[in-house]
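Structures for review follow.
Look for chain A in each of the two complexes below; its partner is chain B in the first and chain C in the second.
Presenting the complex of A and B:
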C-alpha cells in the first residue's frame, strides 16, 4: 500500500502528459487535418506539373510518363480517398454549424460519411487499380 | 379481521467489496525539481468511491505532499477537474465502479501546471472576464419585476449550468496549441447572456467573439461537449453564437 514505481521524464514541454483520449469528434478532426494537408501537397505538385505544359510540352510528357506506374497509382487511390473524406466531412461540419440538430447527430453523421466513403472507395479502388494489377501480374 | 401488514421481503445486500487500484499520478514540484515524475500508488477502492476519495486517501495515508484542488466534493464548485485516464473529468463525479483497476491522473492540459494537479487558472478566467459575463442593460431602471417568458428562459437554459471547472476549455485541441483562444467556457458564458432576452449587451459580446481568437477558432471536435461534467451541449452553443454573428439575429 505504498509507492510502487517511480519513473522520471524531463519536463521538456510546458504541458506534456499522455495523449488526450477524445472520441469520434476529435479523431474526425485529426483525419480532416491530415487529408487536408495531403490534398494541399498534391495540388501544389499538380499545379506545378500542369503549368509545365505551357513551358515545354515535351518535359510535361516526360513528367506525366513517370507517373504511369503502380506506385503512383496507389498514391492516386490515396488521393481520391483523402479528397473524398475531406469533402464528406466538410459537409458534416457544415451540418454541425448550420443545422440545429447537427451537433446532436454529429456522431451518426460521421458513421454515415464513413459508410459512404467505404461504399465509394471499394469499387473505386478496384477500378482504379485494375490496370496496374494487369500490368503487374500479366494478362496485358 | 386484522392482518399484520406484510413486510417486504428483505433481500440481504452483500457488503461492498473493495479492490486494489493502481493510481498513477503525474507529479511536478518546481520547488524541488523541474522534472516531471510519474508516481504510482496502490489504494483499496470501493465501487462507490469516487476518484476524489482515492486521491484523499493517498494524501491522507501515503503521501501528504500530493497536491490537488477540491472544495465542495459534490460536483458543484468545479475545483477538481483533472485528466483521468486521458479524459477531463471532475474527480468528485467519477465513480470507481465505472473505472478499470489502473488509473492515470494528470492535470488538465493547456494551462501552466503549478504543482502536481494544480494549474494556473488565470488565463482561463481572463478569457471568462473578457466576454463580460454579467447582465448589461441600458435606459431607465425598471420599476417592476422584469418578466421573461418560459420560451425565452429556455433559450439559454443549457448554458446557465456552467460551473467554470475548465474541463471543456482544457479538452480543446485548439486551446492546447493556441492559449489566446477564448475557449469553450468563455463562449458558453457569453451565450448565456447573448441569448437572454433581458440583456442588452449581445452586440458588444458578439463583437468580442468575432475576434480572430474568438468563436471562429472552434473546429467542432466535440471534446468540450464530451468533457462537460454538467452535460452542457457546448459545441451546439458555440454554433449558435457563430450563427448569431453570421446572421446578426439573436
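Presenting the complex of A and C:
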C-alpha cells in the first residue's frame, strides 16, 4: 500500500467502510460513459436522417428543419456539450495512459478540461442559440 | 459469471499476475489501443464537424440539400465524413460493448445485446458508406 493513501484519516460518515468514493476520477469516468452512450444513440439517428439525401432533397430538408426548431436547438447545445466533454476527457485519459506524469496529474487535468469546456461552451452556446433567440423573442 | 450466491466470495489479491484461461490473442489490447488512436483522430474530425455545422456562418440554419451537395462535391469532405463515420461508429460500438460486458448479468442477455449492437452498427456503417459513395446532387 502506498503511504499517501494512509496519510489522510478516513472521513467519518454514516456509511460503512465499503462504499467506493473515487472523487474526481470516478465521476469523470461516470460522465465519460454517459456522454459516450448519448453520442452513440445520436449518431445512429444522425446517419439515418442524413441518409435521406439519397431519397430526395425535399425529405432531407424536412428532417433538417427539425434541427432548426429552437427547442431541438437547445438539445443540440446539450449534445455539443456532451461530445466536447467526451473529447476533452478522452484526451485526459490518453495523457493518463501514455504520459509518465499523467496519473499523478489526473485531477488537475480534469479541472483543466472543465475550464476549457466552459471557455468553449460559453461562446459556442451563444452562437448556436443566437438565431433561436431571435426567433423566440422578436427580431426575426 | 453465473450469479450463484456465495457467502464468502474470494477476492483475488491486487496485482496478481493474470493467468490466461482462454484464447491466445490480444484482441482486448488492440481494442484498448484503437479507442485511444481513433479518439484522438475523432477529436479533430468531430469537433471540426460540429464547429462547421453548428457554429460557423449561421450554423444549422443554413444546412439543406444544396449545402450537402456543395460539400460532397469535394473529395476532401467526402473522405472526412467517411473517416468520421467509420471511426465514430467502431469507437462507439466498442464503447457500448464494454458497457454491455460490465452491466449484464446473464450470458444470454449479454450475447443478445451484443448481437443487436453489432447488427445496428453494421447497418449504420453500410448505409452511411453507401450514401457517401452514391450521392447524386441531381437526384430530382
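Going forward, the second predicted complex is superposed on the first by the 120 of 140 C-alpha atoms of A that agree within 3 Å, B and C clash if a C-alpha of one lies under 4 Å from a C-alpha of the other, contacts with A are read in each partner's own complex, and residues count from 1 in each chain.
Here is the rule we use: a contact is a pair of C-beta atoms (placed from the backbone, for glycine too) under 8 Å apart; a residue touches a chain by one contact, two chains touch by 3 or more.
Here the structure is a predicted model, which is why all the values come from computation and not from measurement.
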item: First, second, both or neither for A:66, with chain B first and chain C second; value: neither
item: Partner chain(s) touched by A:97 [first = chain B, second = chain C, both, neither]; value: both
item: Which superposed partner A:19 touches (first chain B, second chain C, both, neither); value: first
item: A:36 touches, of chain B and chain C: first, second, both or neither?; value: second
item: Residues of chain A contacting chain B in one complex and chain C in the other; value: 93, 97-98
item: Parts of chain A lying in touch with chain B, wherever the complex brings them together; value: 1-11, 14-26, 28-29, 93, 96-98, 102-104, 106
item: Contacting residues of chain A [partner chain C, same complex]; value: 33, 36-37, 39-40, 43-44, 47-48, 50-51, 53-54, 56-57, 60-61, 64, 67-68, 73, 76, 80, 83-84, 87, 90-91, 93-94, 97-98, 124, 127-128, 131
item: Touching residues on chain B, where the partner in the complex is chain A; value: 22, 26, 28, 34-44, 61-63, 83, 85-87, 104, 106-107, 109-110, 112-113, 171, 173, 176, 219-223, 225-226, 233, 235-236, 239, 242-243
item: In the complex, chain C residues that touch chain A; value: 36, 39-40, 42-43, 46-47, 50, 54-55, 58-61, 63-66, 68-69, 85, 88-89, 92-93, 95-96, 99, 120, 124, 127-128, 130-131, 134-136, 139-140
